[in-house]
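Chain naming follows the written order as A, B, C, D and E, and within any one chain the residues start at number 1.
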Amino acid sequence: MSRYIKEHSKKKGLPPGALVHIGEKKQDKTKITLFNYSEKKFSEKEISDVNDCLKLSDTSSTSWINVDGLHETKKIKEICSCFNLHPLLVEDIVNTEHRPKIEDHEQYIFITLKMIYLDPETKKIDAEQVSIIFGKNFVLSFQEREGDVFEHIRERLRNDGKIIKKGGTDYLAYTLIDAIVDNYFAILESVGEHLEEIEERLLKNPTSAVMRNIHDLKREMIFLRKAVWPLRDVLSSTGRSESQLLKKNTKDYFRDVHDHTVQVIETIETFREMLSGIQDLYQSSVSNKMNEVMKVLTIIATIFIPLTFVTGLYGMNFKYMPEIAWEYGYPAALLLMVMMATVMILYFRKKKWM
Amino acid sequence: MSRYIKEHSKKKGLPPGALVHIGEKKQDKTKITLFNYSEKKFSEKEISDVNDCLKLSDTSSTSWINVDGLHETKKIKEICSCFNLHPLLVEDIVNTEHRPKIEDHEQYIFITLKMIYLDPETKKIDAEQVSIIFGKNFVLSFQEREGDVFEHIRERLRNDGKIIKKGGTDYLAYTLIDAIVDNYFAILESVGEHLEEIEERLLKNPTSAVMRNIHDLKREMIFLRKAVWPLRDVLSSTGRSESQLLKKNTKDYFRDVHDHTVQVIETIETFREMLSGIQDLYQSSVSNKMNEVMKVLTIIATIFIPLTFVTGLYGMNFKYMPEIAWEYGYPAALLLMVMMATVMILYFRKKKWM
Amino acid sequence: MSRYIKEHSKKKGLPPGALVHIGEKKQDKTKITLFNYSEKKFSEKEISDVNDCLKLSDTSSTSWINVDGLHETKKIKEICSCFNLHPLLVEDIVNTEHRPKIEDHEQYIFITLKMIYLDPETKKIDAEQVSIIFGKNFVLSFQEREGDVFEHIRERLRNDGKIIKKGGTDYLAYTLIDAIVDNYFAILESVGEHLEEIEERLLKNPTSAVMRNIHDLKREMIFLRKAVWPLRDVLSSTGRSESQLLKKNTKDYFRDVHDHTVQVIETIETFREMLSGIQDLYQSSVSNKMNEVMKVLTIIATIFIPLTFVTGLYGMNFKYMPEIAWEYGYPAALLLMVMMATVMILYFRKKKWM
Amino acid sequence: MSRYIKEHSKKKGLPPGALVHIGEKKQDKTKITLFNYSEKKFSEKEISDVNDCLKLSDTSSTSWINVDGLHETKKIKEICSCFNLHPLLVEDIVNTEHRPKIEDHEQYIFITLKMIYLDPETKKIDAEQVSIIFGKNFVLSFQEREGDVFEHIRERLRNDGKIIKKGGTDYLAYTLIDAIVDNYFAILESVGEHLEEIEERLLKNPTSAVMRNIHDLKREMIFLRKAVWPLRDVLSSTGRSESQLLKKNTKDYFRDVHDHTVQVIETIETFREMLSGIQDLYQSSVSNKMNEVMKVLTIIATIFIPLTFVTGLYGMNFKYMPEIAWEYGYPAALLLMVMMATVMILYFRKKKWM
Amino acid sequence: MSRYIKEHSKKKGLPPGALVHIGEKKQDKTKITLFNYSEKKFSEKEISDVNDCLKLSDTSSTSWINVDGLHETKKIKEICSCFNLHPLLVEDIVNTEHRPKIEDHEQYIFITLKMIYLDPETKKIDAEQVSIIFGKNFVLSFQEREGDVFEHIRERLRNDGKIIKKGGTDYLAYTLIDAIVDNYFAILESVGEHLEEIEERLLKNPTSAVMRNIHDLKREMIFLRKAVWPLRDVLSSTGRSESQLLKKNTKDYFRDVHDHTVQVIETIETFREMLSGIQDLYQSSVSNKMNEVMKVLTIIATIFIPLTFVTGLYGMNFKYMPEIAWEYGYPAALLLMVMMATVMILYFRKKKWM
């Protein structure tokens, strides 16, 4: 399966709205966790029967249902129908290739975006799709696999976490998105350090391995930008939204995370420009090194070729060669050669080739 | 005939509105198929006499007339006049070089877009023009040749297909467009795999054939982008349209296919950037290989040229050369040469050329 | 005179509104042709006395006055004053360097654009300025020289041409512009074929002549784009115009020709990108060829330089060289050399240089 | 002093509004010339006491005060306070690094733009700041030094010049700006000719001097674009302005000069693209020439190295070498060498290297 | 710590609004200075107990509290709560990686921007974050360390400084921003001079050190642009703001500093383009130099290789070589060699290689 575009073709020929999981199966079983809380109480449980969700919709408390694993499309569909989600939307949840977007469906707001992981060894970036739906008293979050980015939010809910508990579903949704965006920065820091390391290595020794590193990092940046770029518009329109589900106060928070996203994008662009600069530097270093090599060849060859010609001259076997018989022939020839070499070395010095 | 622009010049000198088929003749005979259906009934037949269409306009059932083959302009014209289509529009249908566009003519909406085929062997992309017109109770679709992209829609109509049958003409038009856009993804997947394959081959051995592949793929991407790009605006304005022919619900679907088109375009751009990156990598690999070759030449030449000079020196035939007659002359000369070679090898080692 | 910008400096120091012909004199004498027609009658005559135009303004029939040749500024001025054109506008007509634009002066609409010619031999593009002014019952068209792009329109007027005769002045203006834009396609087709031909030649043999062709074609594309680009906005604003001189129906036609212009521009852009691609391919082909040459040099030199050293060794004249006197010295030396060559050839094979 | 940015740092640490002349002192003394005219009368005098200006503000005639030389900030300030100009504006007048802008201060309109000079020898472009302020009955113009671009306007005022005299202050301001923009064309023509000349020289002989010319011209184009680009917006907003100081008729003229500015900018862009093209051509020419040189080296070396090896072979001094003693050894060796050379020449011919 | 992005990851896992100082600790202790002034009185003191600020909010005089050093987040928080600042805003103050922005909170306006320092030795640019908050009668300014850019403003307050004292808090805020932007020009001047110096050095001798300088300067420009670019929008929206905290007069001043920022950005872009040009020139110079070296090698080798072959020829030891025994053999051989050399030199002259 190509990394750049996943098996969309699965859907070819199916009616619109057909539920097909597009993407890798990253987890064995879909895991559904329910957090139910109000300002005073808090409960957490893993649920297996989706119908349990049905009872949630009319309680006064807030429910956060976190779903890890998207390939069991039937389960996903069931959960979504509990909350009356639009069928196209369910399709978007399980299509892990979807670009970040926001949709306001009056009863609920749907946001899908990318969570980013960086393989510390290969420096490859992996994007996982996260979908967040929040209505009056529920928040649904769908991830491709269990991750630890939301862990500290769960922790805060379990412990005190008054702000979240008071904040309403829009604030919880914001908290989840904020955790994802904060994670982008961690990735970028790691990339930034890798970039500086490449630059240093390049200055020491411009090997072709460095070029490969530059190429790989450029590709990852293209990949990352594609994943993050649309989020900007998503959060910008959230900040300006007129939905009743968004409190004025929360919109301030969304504007704040929008600012962070803009910063992430600018940093990606900066990295891309720097990589271009480093690539130029690499090319110029390589050609410099090559030139140095060539210069040595030229100088050696240019000095010795004429000298060798002279030795060849007096190595000829003609019977009548006056110089050969001359008593000082040999020293004279040596002197001639020394002079020729000297003249050429001086010429090279003047030309600044040595 | 140039691939990049088809024989427009045919039209030069003709009055505007003159019907000229621009493009290749891809099929022998124009084939017209009529699907007539309502929620309960369904009929399908191939029609030869265009006038049969006339009777359709006032029935309560929905008619889908699919026309394969555009070079029989007279037939096309007859069909279009059955439905009172604007003459300029008929001209657009048979001009297969037209860029995707939408036109709202109150009584009907006209959408033209490109269907894409990928030759699996040559990896060449071929674009075929598809025009879709839908009014209150009819949908017309024009293709350059019989294809199989719409086949599964026909299949669904023949079988159950309740959603389509209930959906109205706008929903059928959406289904057709959705099928075309889903097909783009299939093409892109194939291109993506080809791209990864090129990258791998490049890393093994940067031959000039790889460069040709890169060049060809870049050209195909330019071609593809030109074909798909305008569709974005077309679908975006469909989603926002105020036409009475578009139900609110269908507009949601059009927005969904618009999102997919945006994703297609972004993927094309990503591929283009990756191809640029791969090209840089190719150039750098080639020059690396070249440098390696040059280094070997330099080292061999630089070591042996001075040594050969020494042999030349003692190959001279001067009568008075004390070294020649010296008993240890030969071993001394050999020693000198070994020392010279050693010094140079050490120098190259130090310079990291070896 | 520079081709890229014509002698504007002529105007330096003159008051604004001063009438100066900027551009080449492409024709000896200004030729004025008057077509007078209504739905039923038609007359055509060449007029020499400009004052004849005066009588036209109040007739009920439509007059098309076509002027070929712009350097006789006095005549141009006289014609323009017959129809009360704004002085700045007259200045624009004779300044053949003007960029395409539209101006709505209530009583008449002024459109200026470029007609393109392609020299079939040199593949050089030549742009000629055409200005079209149409009011209630007159159309003025100004060209730099007599051309044949409008010929078929004249022909249609002479013969039947009911549509044009009924269409009004705005429709005639549209017909003229449409003829010019259709001509762009003819040029682009020719360019497209030239481009494919270059690509083919390049793949056979990347000579420097090919590079010159690429360079020339790129320059022509820059030139062409500059000439056509502004027309897009001109026609777009015509399509949206609220002038009473433009019938609703005609605006549909203007939108159509606008679509064609967009397509022309996109094709130019596509050609430019393809030329860039071809240039990359050229550069890579040249460097490939160079590398091949260098490899041969390296291999030959690297194999023979050590061998020649050996021959030099045994060509030395030392008195005491045991090998020399050895009976099998010569065959042994030959064997040594064969072995050295073999080792090196194997090394090159392993390195994939041979 | 850097050419690209003048000594702004002078202002660092000063309060805003502090009057500092930024730029070169191009003229010894500030020269103030007053033109006072109405439709019937005209007077011109050089004034030394700035207070003379005070009397002007209430006359019914129009005054044009032209100031050459900006370093005497005190004088500039005095003139400006006569006409109640805003302090920030006075600061802008003497800061010759300011980008073109327009400011509408109800009582007067302030426009600042760049006058361009081209050194005919070095082809360097020099930008001088011109500020124009016009109110109900006065026009102020500030230049860095006496120039001749406005000379013909003065001439027209002195002689008849009815149009200007009737035209009001806005028309005079337009005339000044038009003179400056017309001058841009003169510069561009000269640049265009220089560009064609470079291209021709390049095709004859791609020396490194040509590359320097290209580089210099590119830099001048960057410089020129920076100076002219913002003028477009300035004139565009003038054409749309609602100020009572601008008559409807004059706005037509401003739109006309706006069109010219757009054309200037497009021509600059065209030149930049052409320079890029020429640079590509240069690089390719240089590498072509290099390849030719390398090919000769390769061919000569590749032919003679093996031959020289053969001569070395038979120059060895082994006692037992059967060929040496053979009667036809010498002719046989010669034949061998001729054959080797022939084979290699044929090989090169086949490879199209010769 | 990477230079391009600071340790954002510190925040990962913390609740939103958690106060974390992101950036380097540039100063040991947070220093708080209070300037209290009205038109008539003025006091200045360093305060250690943050609660002193509390008393300020209701006085009629204006207070400017300048805070140097941001790592003592607790103190920052205390100050901010004195003035009822929004918690997210306090977070922004201590996050020194924040991009410039403006936020209008009715009771106060928050502006954050970058102060730029240039290390005169390494030519490295360092950006420090400055946050300015102004309300009805207070101005808060936060810097990362004590700097001298605001020193002259303090000096003016201490001395007369009537304009500032009368100007209100918005004018003081403007003065602070103006001082920062004026400082940008000083940086750019220094960069401009460095750039010209590099260009000159390049023309003398294109060493690889020059390439490194170009690379470094390009990187600094990317860095600088990222720091300054967003300020444009910030100041533009300040100039258009409808806040009651901004007097009409002050908005003129903000528009002025906006103009300056635009100029700074344009200059940065110009520098970037120039650096690209210089890099092209460098590459072309290097390859020119290389070509020159190669040409010498070619000429020397091409002349001497055939000559050496001739000497080898007559150095062969064949018994039967008629030329050897010929009396004029040696001079004839010499003559042959001179002729060969001459022919080749003439050939090179003709080819313009010498």
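To be clear about the criterion, a residue touches a chain if its C-beta (ideal position, glycine included) is under 8 Å from a C-beta of that chain, and two chains touch if they have at least 3 such contacts.
Quick caveat, the model's predicted, so the values are computed rather than measured.
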Note the rotational component of the Cα superposition from subunit D to subunit E, reported as an angle of 0 to 180 degrees in steps of 5. 70
Compute the distance, rounded to whole Å, between the mean C-alpha positions of subunit B and subunit C. 26
Could you give the separation in Å between the centres of subunit A and subunit D, each centre being the mean of its C-alpha atoms? 42
By the touch definition above, subunit B meets two or more other chains at residues 287, 294, 297, 301, 305, 308, 312, 315-317, 321
Chains as vertices, touching pairs as edges: which of line, ring, star, complete or other describes this one? ring
Going round the ring from subunit B and on to subunit C first, in what order do the chains come? B, C, D, E, A
Using the touch definition up top, name the residues of subunit E that touch subunit A in the complex. 2-9, 11-17, 86, 88, 92, 97-99, 101, 205, 208, 211-212, 215, 218-219, 222-223, 226, 279, 282-283, 286-287, 289-290, 292-294, 296-297, 300-301, 304-305, 307-308, 311-312, 314-317, 321, 323-330, 333
Give every residue of subunit A touching subunit E within the complex, in rising order. 151-152, 156, 163-164, 174-175, 178-179, 182-183, 185-186, 188-189, 192-193, 195-196, 203, 252-253, 256, 259, 262-263, 266-267, 270-271, 273-274, 277-278, 280-281, 284-285, 287-288, 291, 294-295, 297-298, 301-302, 305-306, 308-309, 312-313, 315-321, 351-353
